[in-house]
Structures are given as C-alpha cells and as structure tokens.
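Heads up, the next two complexes both have chain A, just with different partners, chain B and then chain C.
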Partner chain A sequence: MKRIVLKGAALAALLATGALAEEPKLIINGEIELPTRVPAPSHMDAIDEITSGWVYRTKETQALQMDDFDNPGMIFVDVGQELFETAEGDAGKACADCHESAEEFAGLKASMPRVNEEGELESMPDVINECRTERMQADAWKWSGPEMSAMTALISLQSRGMPVDVAIDGAAAPFWEQGKEIYYTRYGQLDLACSNCHENNYDMMIRADHLSQGQTNGFPNYRLKNAKINTVHGRFKGCMKNIRAQPFAEGGDEFKALELYVASRGNGLPVESPSVRN
Partner chain B sequence: MYLKTMATLAVLASAGFASAESISPQQVSFTDGAVPQSLTGEPGNPAEGREVFANRKLGNCLACHANEDLAEQAFHGQIGPMLDGVGDRWSEAELRAIVVNAKEVFEGTIMPAFYNARTINRPLKGFEDKTILSAQQVEDLVAYLMLLKE
Partner chain C sequence: MAKGVKPRVKVPKSAEAGEVITIKTLISHKMESGQRKDSDGNVIPRSIINRFTCDFNGENVIDVTIEPAVSTNPYFEFEAKVPEAGEFKFTWYDDDGSVYEESKSIAIG
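== the complex of A and B ==
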C-alpha cells in the first residue's frame, strides 16, 4: 500500500515537472543533471530559449555523453592530464610545477574568450600558449593540434555544470560587435550566414543533419565523425567550408570575435565539455 | 571597354563557366520573376536533372526540400517547402528563375543561387567566380521539376 502511494506521488511529481514528455534529460554519471534548455540572454531578440546541441543528437550519441566511462572525450582529458605533468621547454618546467592541479581553472571555460589587460581578446589556447612560450620557454602548441585540444578538454572539464557567462560589454563590446557582424554575414558560394542555419532553422533537418543552435558550451567536443577532440575554431572552419566559403584563420581575430559572440548566445547554458557529437 | 568585356566573357567561357552557345550568368535576364529564355537553347534532360537534384556535390536540393519522387534517398531536408507538385504551381520560366537565382523571386531567401553572376563573399579556394551549376545542369533540373505534377 505504502509503495503504491509513493508511486502515485512520484508520478504526480513527474507530471508536474513535465518529465513524462519525451524530452530526455542530460544527467552525467547518474548524478549531475545539466539543464539543456534555458531562457535566452537578453541581447538575443530572435530566440526565446537557448538549447544545448545535445538535444538534437540521437539517443546513442546522447548516451555516450551521459557516462564518463563511455565518453570518448575523456581519453583526451587523460592525455591532457599527462601533458599537464610533463616538463617541456628550456625552463624545464611542467604546468604542474606552477599550477597545483587543473582544478584551479574551474570557471575559466565559462568566461572565455575574454579581454586581457593589454586590451586583446584572448581565448583559452592563447593563455595556455603564453605559459608555454613565456614561462616554460617551450614552443607554442598549434591552435587545433592534438596537445592543445587535449589540454583545453582537461581545463574546460573543470567548469562542467557552470553556466556560460562571457562578458560582452565594456572592453569586450567592440569584439562582440565584430563577432555579431560575422555571424549575420552571408559567405561562400552558397551565400549563407551562420544565422540562416543556426538561428532561422534550428531543429530542422538539413538532409541527414538535425540542425542545432550551434552552441559552443560543449567545446571542445569529441566527434564520432573524426574520432578526436574538435576545437571551436575547427568547427567554425568546417561550417564555412560546407557553404564553400574560405574560412578565417584558426586562432585569428575574426574567429576569436565570432567565438565570443557565439559563446554569448549560450550565456546561461551549463558548460558540457567535453560533449559528444556526431 | 567593349573589348575588355568580350575578353572577360571569353575567359569565363573557356573556364567552363558556360559553353559557347549558353547564356552566361551575366546575360540572364529576369522579367517579373521569370527567365523565359532557355540557358542552352535546348530542352533539358529530366533524367540528368533528377541526378542533379539529389547529388550532394551538385544541386543537393534534398538538403532543404523533400521530394516524394526521390523516396529512395534516405534523407530529405525540412528547410524549404516540399517540392511535390512544383510543376503545377510554377511555369517553366518561373522554375528557371528560382533555380538561377531564387533571391529574385523570394526576397532574402536562404535558397542559394545556382547560376548567378554576383561576386561571392569569401569564396572557398577553387570556387572563385564559379556558379554552383552549369547552364546545362540548370536546364536539366528545370525539365525534371516540370515533371513533378500531382
């Protein structure tokens, strides 16, 4: 009898939260629930609700992101951890010699890219490379190379669950405006803007692909397509090539500005890095 | 000036932009949202047009449109209207206009222009000054679309 009552109460609770609707929930390791739909930030007028790209993937792909043992991105996080402890460069130092653990970077991914003291817009690879070249006397890592991708995966994971919160005003404003301009500009032989697909047509099928809002809260992400960690700029490049447009340079000013603008369209969504996509 | 234009056209033609008898993208003229004149002067081949419609490297029309006649293809897009019956809804001249440059018919549309002379903003290397389809492919496609009747 008691059981039945409980069941009834649980059912009512489920109905109340709308959990019975077919919308799946993103719960990682059976513990951490990450909201996949939140109200859009006030600077966006065309969209009321922002959604994680996870929502648009198949059940199988979704499941991979829900368990850290299944998430292939975690293998690259481990690679990042090894790199973190490895001394490199003429100063003979490892990241770990100065930074106790990657955990001290919790919150960083949620606020990147940001404007530094010199007034430059910097993204996570810039900060990491600054430590490498200036503090370790080591070579800079390539923007989307395997080492940088693994290290950004490790550092971004520390912010998992924290809401994206990039600054768009003050010193960031001109960069944000530049990124917004790029977002709404049509490029390439197909003459399309990011907005044409990710703002005007998200949740539609574009042939075999289910279009998302093109959010970056899950980056860097693991893609089944190429079985590696993919960076934000790598993804921007792919989208531009698909419309037969000459991509901007990875790590360049245009993509960093675009990264800031796109990140700001996700302000409020929790960081999901490393997410899993097809 | 005249000579220069002629020279440019000759270069474009030799680059496979348009065959000798075809109308170049610059020469296409729109009247009331229609392009009455065939781009090649010949009737298109609908069987080829069907292939152009489905092929991802050519028209890739299925990226945005569903089309019952191509039910054997697994994935049909949802961005544009379903194209069953377009042969009833539009004339040949109108369909040609839509394929050549849909922006002349639907203002601000996201449908790409498949035979257009406009300068492309940041074309991918290798695609500078190229139209997506050739004059022949446009005519084949128009012939195919005319057969989509309900």
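== the complex of A and C ==
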C-alpha cells in the first residue's frame, strides 16, 4: 500500500511540474541564478521567447559554466586582471592607474555595442583600444588577439547577471537596420542567412550540432573546441566560413552593425560572460 | 619558469572530523608536448608539468606522474578524508625545474 501511495505521489509531482520545469537551471557557484528563457523583445516578430545558448549544450558543458572554478574562461579573466594592472606604452600607465578596479565597468557589456559621441558605432574592443592608444600611448591590440579577448572577458564578467539592454533607437537606428539587413541576407556558396539557422531552425540538429538562437549574451565565451576565449566577431567569422562565404573583417562596420542587431535580439537575457560552449 | 603559470586550488574552509571532502586543483600551463613543430619545421621542445602532489599535515594524499598527452591547464579533482584540522600543501613540478606551490588550511567543525 505504502509503495502505491509513493508512486502516486511521484506521478502527481511529475504532472504538476511538467516537462519545462524539469529543465536544468543555470545557477552559478550555487548562488547566482540566471534566467535562461525570457520573453522576446518587441522588435522580434518570429520568436516569442529568447533562450540562452546554455540550454542547448550537454549536461557536462552546462556544468562547467555553473562553477567559476571549473569554468576555464576564468583563467583568461585572471590573465585580463594581470593585463589590467600592467603598465604599458609611453605614458607609463596601466588601466589600473585611472580605473580603480574592473568593477567600474559593471553594465558596460550589457549596453555594447553603442553609438559614441562622434556618432560612430563602437564595440568594447574599440573602447579599450582608444584608451590604449590615446591615454596609455601604447599599441592597439588585435581585435580577437589573446590580450583583447582576456581583457574583454574580465570587463564583461563585471556585468554578469545584468540584462542585455542595447539601444536600437535614435542614433543607433541606422546601424541596427544595417545589422538586421545583414542578418536576413543569404551569403556564401551554401546561400544561408543567419536567420535560416538561428531563427527558423533553432533547437534542431544541424548534423551533430544542436542549433541555438545565436545569442551573444555569453560572449566573449570559452569554447571547448579551441580551448580559448572567443569574441563575437570571431564567432561571426567562423559562421561565415561554415556557410562558405567570404567573412567580413573582424572589427569592421558590417560585423559591428550585426553585433548590435544580434545583441538586440537578446535584450532581456542576462549577461553570462564568460560562458562555456562547445 | 614558463610564462603565465598560476596554480589554483579549491578546498572547503571547514569539515567534520573524518569527513571526505572534494578538492579541485588547476594550474594554468601550456603543456607543450614536444611532439609539435613550429612553422620552420623545428621541434618545439617539451615543456610540461611532470608531477603533481598533495600532502596533508606532512602525509601524502596523492602523487601523480603527468605525461605529455595531458592537455593544457591540467585539472585534478580528488577526494581526501580529513581526520583533523591542518593544511593541504599542493606542489607542481615543471620540466624546467620550477616548482609551484600552494597551500590551504582547513578547520574542523
């Protein structure tokens, strides 16, 4: 009798919670819970709910992101911290000479890319390189080079948990339109647009890969595939090569506009940087 | 000393006497296998961490021989029984003779 009661209780619990509630939750260090599904921003017609790329990865990959000690991206955050404190250039300054700590940059990742005072669309590496060349009088870092990736990982981590909130109106509107145009344009020998995979077919398998919505809230991210921090533009480039297209330049106007548009498709999702993906 | 080497260890701050705890260790190291060649065709010399040990109050907990097939940033997770309060001492031995050390103390209760 007791056994039957237990079985009944278990079944009731299963029915009550349903399939969705069984979905794993992204809780980092057992403390910070980050929502992985939120309502889509109003400018998106085809999708009602936006999802973090984390939900499409395997249990093992998901677990790596749930503990900062296990997250290999944190090694690069440490590298970024060292760079932050290292003086370079003719001015003999380090980031830390002007900025008390990287924590000052909380919120920056959530609002990037943005239009600056000169009316140009700028991404985080632009801001870092402007500091390096003008105030530190040092050489600019390569867009997706190891130093830049580490520094953007450090700065993006400060915004972890904050909802992505990039401006798409006002001065940003023409860039956003340009990005949207690129997103829906078919490129390459395979004749595919971003939307073909990440809007029409997310959550499906493309051969062995589980397609995500292509959200950028976890960038820069650590990829198991190449054991390093990867930038958004590096990922765009990889995607374009996969569809056998000639990629745009990293740090170029096209990718920056696309970065803005794709980021706006994630408005509302929490920043996860540095996330772990395969 | 190889560049960018930084040991990291995660040990609980306290445990019950006799409790089995999980210890996580990670050292950032490029772990050059000695099998690769550079763009000129010359062999890149081997440079790895070849041994890792952990001791608790002078008693050995684990002693690992590491071979070149182990990939970059070697990570070890293992369990240890904590009979009393004390200190875990972790040591990594580099091919170039460098020794990297880290220690963590643990309280009872």
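The working rule: the second predicted complex is superposed on the first by the 257 of 278 C-alpha atoms of A that agree within 3 Å, B and C clash if a C-alpha of one lies under 4 Å from a C-alpha of the other, contacts with A are read in each partner's own complex, and residues count from 1 in each chain.
Assume a residue touches a chain if its C-beta (ideal position, glycine included) is under 8 Å from a C-beta of that chain, and two chains touch if they have at least 3 such contacts.
Just so it is clear, the model here is predicted, and its values are computed rather than measured.
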Simultaneous placement of chain C and chain B on chain A, clash or fit: fit
Which superposed partner A:A227 touches (first chain B, second chain C, both, neither): second
Which of chain B and chain C A:K25 touches, first, second, both or neither: neither
Which of chain B and chain C A:P72 touches, first, second, both or neither: second
Superposition-derived comparison: chain B or chain C, residues of chain A touched: B
Smallest distance from any CA atom of chain C to any CA atom of chain B, in Å, after fitting: 23
Parts of chain C lying in touch with chain A, wherever the complex brings them together: 4, 6, 8, 10, 24, 26, 28, 71-73
List of chain A residues in touch with chain B within their complex: 185-192, 196, 200-201, 204-208, 240-241, 244-246
Chain C contact footprint on chain A (complex, rising order): 69-70, 72, 75, 78-79, 227
Parts of chain B lying in touch with chain A, wherever the complex brings them together: 56, 60, 62-64, 74-79, 110, 112-113, 120-125, 127, 130, 132
